[in-house]
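After this come two complexes, each holding chain A, first together with chain B and then together with chain C.
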Partner chain A sequence: MKPRVFAAFVAPSLLMMLIFIAAPLVSVFAQSFYVTQPVFERVEVETCTPSFPTAICTTETKSRPVLDEAGEVQTQTRYVGLESYRNMLQLDRVGEALSSGRIGQILNIDFWSALRFTLMFTLITLPIVIVAGLAIALAVNNAVKSLRGPVIFISLLPFIITPVIGVLSIRWLFIGDGILTAFLENMLARDIAMFAQGWTIELMMLFYRVWHVAPFAFVIFYAGLQTVNQDTLESAIVDGASRWQRLRFVVIPHLGPLITFVALIHLMDAYRAFEEIVGFSSQSHVISLQWLTYDLLQPDDAGNRAISRASASAMLTMIGVVILLIAPVRRAWREHKGFR
Partner chain B sequence: MTYRSILLAGVASLLATTASADCAFENDTPVSMLSAGFEAWKAVSDAMAECGNFSAELDQEFRTKQPEAFSADPSLYALGGVSNGTITPLINEGLIRPLDDLVAEYGENLNDNQLIRIDGQIMAVGMMVNTQHLMYRADIFEDLGLEVPETWEEVLAAAEAIEAAEVVDYPLGATMKSGWNLAQDFNNMFLGFGGSFTDADNMPTINTEAGVNALEMMKAMTDYMDPEYLVSDSTYVQQQFQQGKIAMANLWASRAGAMDNEEESSVVGLVESAAAPRATADGPPATTIWWDGVVVAKNISDEEAEAAFRVAMEGIDSEMVQGANDAAIWLVQGYEPTRLAQGAIATLQSQPGATAYPSTTAMGLMHTAIGNNVSAYLTGDKDAEQTLADIEADYITSAREAGLIQG
Partner chain C sequence: MTAKTLRQPLPLRLASAGFLAFWCLLAIFPIAWIAIMSVKSPVDAFSGSFSEVLTGPATRAGGAGLSGIDLVLGGAVILLLIRWAFTGLPGLVRRRTPAGLLALGWLLGGLGYAVLFGAVVFWLLPTVLGPLDAALGPLGAPVIGATFDHYYAVWVENAFYRNFINSLIVTAGVVTISLTVGTLAGYALARSPSNLAFWLLIAALIFRALPHSVLVAGYLPVFINSRDWLAPIFGEAAPTLYGQPYAVIAVLVAINQPFTIWMLRSFFQNIPTELDEAARVDGCTHFQAFRQVIMPVMWPGVITTGLFSFLLGYNDFLVTSLLLDAQNQTMVPAIASYFNRETTTTDQVEAIAAAVSITAPLFVLVMVFQRQIVSGLTAGAVKG
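On to the complex of A and B.
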């Protein structure tokens, strides 16, 4: 392909990537070093609010933003360096906890508690998703031809459901005396409250994520299984290889690049866990990094939002994803070069 | 003036106006409104719609949309529905207009009580008040021979008796869903113990005896509650009542009507309300007072503002209240308090009285800091002092970033 033609084909998507990925990233990066805040003035304000039988008026000193001539809030922006990152990481408290030997106290800091859960969540779901996906793919591949269509359709359903709806359905199955909680209580003859402690909520989150993502792994692996070299398989049978040995030495090496691909996508997605936190309203027990960013961006009743810390939190999340992806990306790169 | 005389005045003014279901004037200017989506706002926006050319957006996310929508020029909505918590950004950014002229011209049916004055100017017209107060199962209290509790100590004693009698799943319910709800429950208790959130320099004053007392009382309450209390919001508590699972809760007055809704409730006529319990024997009720009302955007023409205000007046007139009497504790003339409103009225009339929820920028930040930290105390991860210190540290971090405190 001529360079000009190549450029013409690539340019539109490159432009889109610049506008929608690179530019916001740069802007978030820059915002994490600056703080923009309104200029406040202190005023005595008398406020009258309804009551019975008459209104109550109170006079208080309140801080109010100063408005300029155009009626806009006056703001000032200043460079704060790494302060937003320091506020997120709170390294002084981490140091204190480490030196006093009470390491558990680190988890009282939002960022570290979120990191703990996010990493745990990502690394536990990864192998389960791959094994479950592979198992379904092998099962479907060995199923009778006439059954395959319906089985594929049913296995894909969890993947099609909107994530938040999936989380909420699981929530409703378990919350209070939900059907499944009632069923478990019946089976075990004891009172169960799935939303009363962190570890049961985390279990439900893990279950949800595997249930939701395994079909994706399945589809990819199932496609891969269609291209396994039948001659190799047959010669393996002739050599007396067992079913397990055929899987171990023929099928899985063939699927290797696909496994890396699924792992890559899953690491990226799971590290951004968010629906689970919102859907299970678990923020008392468990939070994730993505939720932390969201929480900082969410305005409170008075309209405040912590843009700078949210930017710092987003950058820290991105750095985490990059670190996690180094291993699988290197592996993918080696496999890519190996095939040439 | 007693409450009854307001009522009589309302009835008298009702008789004076001719009873027609329609709007008093033909509105030909397009008017739109953004407000919360609960029952009372549905009734009000339906009444406004009778004037024609009116569209309403009832959205529980209204508070995040309103400041942005009102800062557009022209504003995307002429009218906004606010409460004393959510009016703060609109006032701070100068996005709503003073209503004194419009009230003088078209507000002849308003009580003085409805006019929300800030710095002497009328900035909003209130339509209802809301507060968290005690709701209890009168039948259970009667069967067990219990007095209606007036302090939280008495609530705990009653809960103990109800638990021993094993008549419900859990004696107590509470809106302790982590985040906003949990923080609000702390606020109630904290104010009940005589606490105040910040000083004049916007520095936090949470880490005090009142703070410790409030946390300890909340922890004591959880012994009698559904262990899943950290996911229980107002709707959840309302349903626990309706399904006969709890016997008491400090719940929003706006939820009282649902107890007698025959389609949902299995306890119709059995739930009564009383003043919010006090935290100390001679303190104020441990609750806050809220109002909901209408504001008019600044970035619209005077003609539009006039039409919008007239439509709003039609929306909160006594005809609307007649059709939706039980939807709220209305401030509007013609409201007849039913037995379910007794708790709210008793709370409002108590001496010393409960305070209104403070509408300040600092309070917004404080509310978030409290909501993010209290659960760690309740789950046993932190002790009370540590929790309060962490609330103060979180608050200071965000107040610095917001520019409220320097350095």
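On to the complex of A and C.
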């Protein structure tokens, strides 16, 4: 394919990605250094209250927003350098907490609390998703042929469901004295409030994510299991390998690339955790990095959006994505060069 | 290798079957449970006992319930309808549609079937079974409490159909534009081994990993102020992009592009290059070869990728909730207005009914397209 033809085919897609992905990225980067605020002016206001013999007058300076001719609040945009980042990271408070030895206080700062949860969430769900997906794939592979279709159908439901709705459906099982809370209370003979503290909410979030992603891992591993080399398996049996050894030394190495693939996709998606926070309304206990940006973008009570701080938070979130992708991109590049 | 050596011991088989049964229960329970809750009165829906939620005594006491006759007859009719969708409908569509328009025929067939299904379940069955229950006396007494009040409240009183229409516009736009743009790029990327193609794919991979809120942070100020910077081009008629479903379509298409071109590329790679070469030898240009030779054999891949584009547009919460205002909201963000109110349990059950309404089309989608979804998931993985 000639370069010109190639360019013609790729152009529409490339243009869309440039306008709607690359350009916003650059503008977010730029925005994070600027703050747009209403212009305030300080005016001296004299207020008088009628009194005897003369009115009591006090003068005070007030700041009020400047209005333009149309009566709208004037805004100005100014360069603030790293201030938005400083506001997000609050390094002085972190340093204080570190020097005084009260590490827990760092988690009172939104950004660090979101970072802690996002990393914990990503790293804990990863092994569970892979093991659960593998277990389901092995069990389905073991089942009677006629059962496999229906089982795959049922398994796909949690994967395909709208994430927010999936989170809500689990929330409704537990909220108040929901059916599963009542069940747990019966089992443990004690009062349980699942939404009163952070760690129970986090447990539900972990459960939701595994429930949602395990089907994906399962489908991929199941497809991989169909192509396991039967000859290798048979020779392993002849060599006296036990079932576990066959799984460990034949099947899992065969699935290796697929496991890497699932892990990569899962890391990308779990790092973006967001729907869990919205669905469980957990913002007072647990927040995630993407939710933090989302929240800053929402208009506050006065109708202002903290665009600058949202941009700073978005840029800080990006660092994680970059770290995550360095290894796979380098590997892909090596393979690409070897392939040519 | 004899079958005996490969046979698994009984405990292992039992454990495997037990685990599978447990997983199936786990997978379906939350979804099935909210479907059951949505047809009960609030008292029953949030009751702490399994049997009360299932049978719904308070709903029954309220006069809404299904009798044994209803369950048997209604169940039979619904089962027949579903069976017919898989046995009778495909043949009917194939016979009635002219050769080139099969996709259109299926679209119309699907719509017609949805209307038929709705008419039978929500109109024909109640009008026939109501008098029948009354005539049968004790046999017609309700056994299971069930009410469609919440669905009525959501769809008619709260005008959820408007959100539904917005969702339709957004998803239809996302799917068609994604596929048009994506097939061109996917084809070129599958056929070009150049460094440029490689770096494009890597850039797409990086874009796929971006949190969507990062991108929205870039759009929001631009969209809100779009009147100002579009004024030199459009003059007085400059639109505010914020709140426009069409702007959201463009954004979602772009967000979806990386995924689409990766998936379409792996489908195109499965089509032998000899096919293009034969067409080129016969005098086709690249575009003609693509349009008249490659695309006709590419339909399975296009349908599969279309399904995933549909899911992205349909399931999105973040982009639509930030870029659309309350009047133009799609279904998924609209549901947030229910669970933020949280005043009464009736609101809650209505939210559940809305959630089930959103899930129902997805359920049908998996039922019809299970094979395509599985092939789509594995297409990316097996190719690496």
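Here, the second predicted complex is superposed on the first by the 276 of 340 C-alpha atoms of A that agree within 3 Å, B and C clash if a C-alpha of one lies under 4 Å from a C-alpha of the other, contacts with A are read in each partner's own complex, and residues count from 1 in each chain.
The rule is simple: contacts are C-beta pairs under 8 Å (C-beta built on N, C-alpha and C of every residue); 3 or more make two chains touch, one makes a residue touch a chain.
Every value quoted in this text rests on a predicted model; they were computed, and no experiment measured them.
In the superposed model, A:188 makes contact with neither chain B nor chain C.
In the superposition on chain A, contact is made by A:234 with chain C only, not with chain B.
After overlaying the two complexes on the shared chain, residue contacts for A:304 are found with chain B alone; chain C is out of touch. Contact with both chain B and chain C is seen for A:281 once the two complexes are overlaid on the shared chain. Put simply, more of the residues of chain A are touched by C, taking chain B and chain C as the two choices.
Contacts of A:51 after superposition: chain B is touched, whereas chain C is not reached. Look at A:70: by the touch rule set out above, it reaches neither chain B nor chain C.
In the superposed model, A:326 lies in contact with neither chain B nor chain C. Touch criterion met: A:176 reaches chain B and chain C at once.
Once the two complexes are overlaid on chain A, the chain A residues touched by chain B in the first and by chain C in the second are 176, 281, 298. Chain B meets chain A in the complex at residues 1-3, 6, 63-64, 67, 84-86, 88-89, 91-94, 112-120, 126, 129, 177-179, 182, 200, 202, 226-231, 236, 289, 291, 298, 331, 345, 348-349, 353, 355-356, 358-365, 367-368, 372, 375-376, 378-379, 381-382, 386, 390, 397-398, 401-404. On the chain A side of its complex with chain C, the touching residues are 1, 3, 5-6, 8-10, 12-14, 16-17, 19-21, 23-28, 31, 36, 135-136, 138-140, 142-143, 149, 151-158, 160-166, 168-170, 172-173, 176-179, 181-183, 211, 215-216, 219-220, 223-224, 234, 237, 243, 257-258, 261-262, 268, 271-272, 274-275, 278, 281, 289-291, 293-294, 297-298, 305, 307, 310-311, 314-315, 317-318, 321, 324-325, 328-329, 332-333, 336, 339-340. Contact residues on chain A toward chain B in their complex (touch as defined above): 35, 37-40, 42-43, 45-58, 60-65, 67, 71-73, 76, 84, 87, 108, 110, 175-176, 193-198, 280-281, 283-285, 295, 298-304, 306, 308-309.
Taken together, the chain C residues at the contact with chain A in this complex read 1, 5-6, 8, 12-13, 16-17, 19-20, 23-24, 26-28, 30-31, 33-34, 37, 46-50, 53, 180-182, 184-185, 187-189, 191-194, 196-198, 200, 202-222, 250-251, 253-255, 257-258, 261, 286-287, 290, 311, 314-315, 317-318, 322, 332, 335-336, 339-340, 348, 351-352, 355, 358-359, 362-363, 365-367, 370, 373-374, 377-378, 380-382, 384.
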